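Labels for the chains are A, B, C and D, by order of writing; each one numbers its residues from 1.
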Amino acid sequence: MIVRDVICPFCACLCDDLDVHVEDGRVTGVDNACDLGSHKFMTDHRMKGPVRRTASGWEEIPLEEAIRETAELLEAAERPLLYGWSGTCGEAQSAGVHLAELVGGVIDATTSVCHGPSILAIQEVGHPGCTLGQVKNRADVVVYWGCNPQHAHPRHLSRYTTYADGFFVRNAFKERKVIVADIRGTDSTNLADEFIRLQPGGDYAVLGALRAIVRGKGDVVPPEVAGVSREQLYRIADLCKTAKYGAFFFGMGLTQTAGKYKNIRNAIELVDELSRHTKWTLTPMRGHFNVYGFNEVCTWMTGYPYAVDFARGMAFYNPGETTAVDILARKECDMCLVVASDPAAHFPAEAVEHLASIPVVQLDPFPNLTTAFARIQIPVAVSGIDADGTAYRMDGVPLRLHRVLDRGYPDDAGILLEITRRITGGGSR
Amino acid sequence: MILNTGRTIPQGNSVEYKPSPEYGAETSRAFLAPLDLMDLGIEDGDRIRISCGDRSVVLTVSAGDHVPPGTLFVPYGAHANHVVPAATHGTGMPDFKGISVDVEPATDPVRSVWDLMEDLGGRRY
Amino acid sequence: MTELLVKNAFVIDPLNGIRGEVMDIAVRDGWIVESVGDGAEVIDAAGCLTLPGGIDSHTHICGTKVNFGRYMMPEDMRAGRTQRRGVMHSTSGYSVPTTYGNSYRYCAMGYTSVLEGAMAPLEARHTHEEFAATPLQDTMANTLFDGNWPVMEAVRDGDVKRAAAIVAWTLAAVKGFAIKLTNPGGSECWGWGKNVHCIREMVPYFGVSPAEIIQTLIRANEMLRLPHSVHLHCNNLGVPGNYTCTIGSMDLAPDLNPDRQSLYLTHVQFHAYGGTSWKDICSKAEPVAYTVNRKPQITIDMGQMMFGKTTTMTADGPMEFNLYRLHHNKWSNHDVELETTSGIIPVYYSRTSVVNCVMWAIGLELALLVKNPWQCLLATDNPNGGPFIKYPEIIALLMSRRYREEELKTLAPGTHSRITLPSLDRELDWHDIAVMTRAGQARALGIRSIGKGHLAPGAEADIAIYPIRVDKTDPSRQYREVIQAFQKTAWTVKRGRPVARDGEILVPGVNKTIWARAKVREELDMGRDPEFARNFDRYYTVRMSNYPVQDVYLQRSLCMESEAQL
Amino acid sequence: MRVILTAGPRKNPFIPVEAETIVPARFLQGVDGITVAAGNRILPLTDVFLVEVEGTAADPSGVEVVLRGDNSRLKRIGEYMEAGKIRVEGNIGMHCGNFMKGGEIEILGGADGWLGREMRGGRILCHGNASHYCGSGYRGEKHGMRGGYLEVRGNAGDFAAEYLAGGEVVIRGDCGDMPGVEMKGGTLTIHGSCTRPCGNMTGGTCTVLGSARGMLPTFRRTGTVVHEPGGVILTRFEGDVANRGKGTLLAREWQYTL
């Protein structure tokens, strides 16, 4: 059987043109997907059923028991942390936010170690954005700043930019100029018409200099800014100002370097400044397929996109204080529920260490490095493969993930609702 | 030297199954400029120890023409995170890029991801 | 079977000609009936003002741009924070509250149905997800067609049937309720950072004018026999001198429908400006209202502006950019491929600003100058003119000349010569208010037939009981009491169930979404049209098969079907 | 009136305690009914502190609150404080003196993040180091600290005086990255060194008496001024020109490289 127009649950490009071959309850082939997407569909290392850590190893336990114990741990905790969420669908995220509210916990998503700084910047100056089709159909100048789409979003160029012909751009490869800014050469910088090679940590200064030049105040700019010559900066500014439509994409190169959100703020204000001359838009290159979905769900439910602390029964938000890495590194939380992510692999060791001293429950289809710290792991269906649900693309377009097969696993949302029912005393009684 | 981490295709391919040898191999690579390899007196395929504060980790070296001298690039994962400091400067985001680290040649073996997790108090599955 | 009896209610029910009578209202299983048995639950309304549940025919509470307003403004969330208690979730936010915040506050004010003013079809799923988290109101979504490429191509080709067919396919696909045109043609121009400045100006490449888009879609709308009319946000919003454009747009509307208007113009306050710049801006409510008075085919809503902090958010992207250049505060913009655009900026409307004072006066002038309250409905274009929690104050301003005079004294010097409000003596009565806040909306939206906006047997039992005695209150003098009463119902009844008591929410609630499907002949079904499908898959970035909103997103779904006459 | 609060041992000392109730005025009505939040639990003040009250006071200005023991996880003390004094004999947790309008807070040790956030008036003196965002604003707000005096005798972390709009911030030691970023008014004086000061500033004056590394390329050099006392010569900059800024940045030493 071939399932058509399947949506890829790997990165936030959410390519929705995959053809997935399914035979005997297994995926046997995927057409149109990139390497990353194909691997996800083909991976077959699921955990079989819920497990609990014992004194000497691991034991299998019934789902019922895993859920009950999780509910008890959450209820007993004085500062539970509910973390992850970007690898599951909106329905589960919604259940997660309600659960966090119910138990007076902190809920945070992988956003905080991904585009959290972008959100902080947007909260200062806003976000001139668009859906990706605007870029495909109109853009004649594209900037990739501090990101390497060839590796992190492999089909971004063919679906939306360099190789994507659009309504007003009939031969994209010829008509579209690409500017790439990075501290090192990558497979993406190789494609650039202009490669801005900057010194590590120089983004803020270079973006500021570009703003000044676009404003006609370039005379203050010194001959070289963070390794970039003033001549090149003028050339770039000119290219951007004379574009018919410019699109600015950026990634971890801005969010994870010193200054964090201030780098992005400068990028946004550069785009604002350019908008006085011609049309420009800006899009964060979101990583996980539904990390933006968490931000959307959490925002309409709590008013804030991530890092929400319900300890006082209402929502409080302050990244740097209510974010997962900070809470773990300060050893604040006394229980952690991890859903659809792998903090043990992706957090600094000092934060991971605290997971070893508190009860951790993980909902994830696969054994991963956080499994090493889990008291209980409940394997679940993979959103977009054997569970359906909503996901938001990096530009905010919501799509409904397909369920291409049924392998008998419960989905995240179902488990979370069951945990909630246990705590409120509904459900099984 | 300055440590930068980031995503790569092989890291992404194996990200859903991190216990795999492919994942461990990819995330324990360090890409350095050939010039820096000469300075350190090591070759492609040798090992280095990178340290930051009191944490360190051993990585396998790959020569990378694109890597600026004075920096090293390590695919995002457990190995790099073994030395990345947890401080977020009040932003929620640790410095995954632009971290000052000490680099020295090493002969110790590269540890598996499970070894690293057990170092931090976890248990292999 | 559940039964409820609301006793001793002082009922105003304009759609049924009831102008104030003490009576009992019987409810069975969510519907109003002639009578119920002795076992029915009883609410004693004790002679209090009892109205059909409030209906907001133009508000922004759900969807991409509303949520982006929340997302970009953690500072707005610092107000209006409430703890989780009972069945109520915690809430946050003042001008763009969380979905629960909106729902609880509307419910406390007796509102039971709301129409989201702007939904981009491509992002419709998002609006429906938020509807599902807005538990205590029935919801409808205006669907944006202002910059829709296939529609503009059909308009250019003079093919009104094809335009209608595209609308029909899209509404059914995204479970939208009505045609919304926001700055028609301007959104496509904004794709290049430009705008249209007159209804006759041509949209580049597509070669159509706003006037042609409006006219074609008015006809298409009536051919599809949709419940609501075309819902228009005119070009040139907020531009001094724009009233001529507004009147010009009104003049485009033929009278095609005996049951309701043929063109609904929203937030007309923002479109009734005279002058040539911010320096000499003045009210042109008079000529605009005069045009409405002689055109029964037009209905407008006020778009009242109220002083204080709020957030402007609209599908009018270029207008928001102009505001940004004025205020230099934060600015968000979101262009949606092939369809529309939107923008958001926070604002503060100040009594020290002559411009803001003129804006405040214009909304009230419109409501007082339009003779027939059925043609001018009460709304702030929430949150653009101010958050909807200000409605009680607007009601009081319309009912009390004395209150208006008090307020006029506080305005910036130089305001009075630019407005006519001080000379208007009219004071609206309770019946007028009932029309402007529910009955008129039900008629304008075309939802009377599904039991909205009235209280006769057969109506859905959405009832608002306000703690005020009409016989003992002189609104002209006791406007403070009027404000208080409309802020918090004694009881709000939704679908036959008491859902709020003195502002406290009693049940979790489940919303119902009302949408429209016009059935068209097979050869006009765009789902089978090869050219439509080819262009769709070529220019959109989602596959046509992944575009429609699945049924699962509507917890309760009410589809209003019509037989199109194409 | 002196109220001495001595933090007792806690089962889990890492769980933060929110104590916006600890303001001098509150103690005029006695200690009964005062609660704090430890994680998601509400506790009587007396469960967390040994409380001793000495003397009486007629109004808040006569109240001194003394905090002893480990208060490094105690947040929000002195929030909205208008009068009186708080003396912390050790370290204090985050958000000390939020929205403070008057009175005085003295911290003998160090302060965690957001010290004096959105301060309006009064005085804060921190003898040790202050962490990030000292004298700053809140996410999304256009104005940070608007008035009052905030002095740190030690070092301050990153983003000190972010969005400073009024009042005076003095850091006797060094600052981290980006002090005075988005600053629009008030004065910020850094006796030590810092990196990347005053990005995007639109107003106010920042003086760096040590060295400013990573000086931003968008400031216009407009001469020198002599700083008193001491007669130190400072380079004067205006900016940030990237943002139509009209702020003043004075630095003794500066360099574009980090």
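Just so we're on the same page, a residue touches a chain if its C-beta (ideal position, glycine included) is under 8 Å from a C-beta of that chain, and two chains touch if they have at least 3 such contacts.
Predicted, not measured: the structure shown is a model, and the values here were computed from it.
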Practice task
Select, from B-D and A-C, the pair of chains that is joined by more C-beta pairs in contact.
Solution key: A-C
Practice task
Determine the chain that sits nearest the middle of the structure, using the mean of its CA atoms as its centre.
Solution key: A
Fill in the blank from the handout: Averaging C-alpha coordinates per chain, one finds the centres of subunit B and subunit C separated by a number of Å equal to 56
Problem - Distance between chain centroids, defined by C-alpha means - subunit A, subunit C (Å) - result: 34
Handout entry: subunit A and subunit B, separation of their C-alpha mean positions in angstrom
Key = 22
Problem - Residues within subunit A bordering two or more other chains - result: 120, 123-124, 201, 258, 310, 312, 317, 319-321
Problem - For subunit D, residues that touch 2 or more chains besides their own - result: 113-114, 132-133, 138-140, 177
Completion exercise
Touching at least 2 other chains, the residues of subunit B are 89-90
Fill in the blank from the handout: Counting only contacts in the complex, subunit C reaches subunit A at residues 62, 64, 67-68, 70-74, 76-77, 81-85, 89-93, 97-101, 122-123, 125-126, 129-130, 133, 149, 190-193, 205, 321, 324-325, 330-338, 344-345, 539-543, 545-546, 550
Handout entry: subunit A residues within the subunit C interface of the complex
Key = 4-5, 7, 16-17, 90, 94, 98, 101-102, 119, 122-134, 136-138, 159-160, 166-168, 244-245, 272, 275-276, 278-281, 295-297, 299-305, 310, 312-315, 317, 390, 392, 396-400
Handout entry: Interface residues, subunit D side, partner subunit A - complex
Key = 12, 14-16, 18, 37-41, 94, 113-114, 132-133, 138-140, 177-178, 181-182, 196, 199-200, 214, 216-220, 239-244, 256, 258
Problem - subunit A - residues contacting subunit D, complex - result: 77-79, 103-105, 120, 123-124, 201, 204-205, 208-209, 211-212, 215, 217, 220-222, 225, 258-259, 262, 265-266, 269, 310-312, 317-321, 330-332, 334
Problem - Complex contact set, residues of subunit A against subunit B - result: 10-11, 35-36, 39-40, 43, 45, 51, 53, 58, 112-113, 116-117, 120, 148, 150-152, 154, 183-186, 189, 197, 200-201, 252-253, 255-258, 260-261, 287, 307, 319-326, 328-329, 342, 344-353, 355-357, 366-369, 371-373
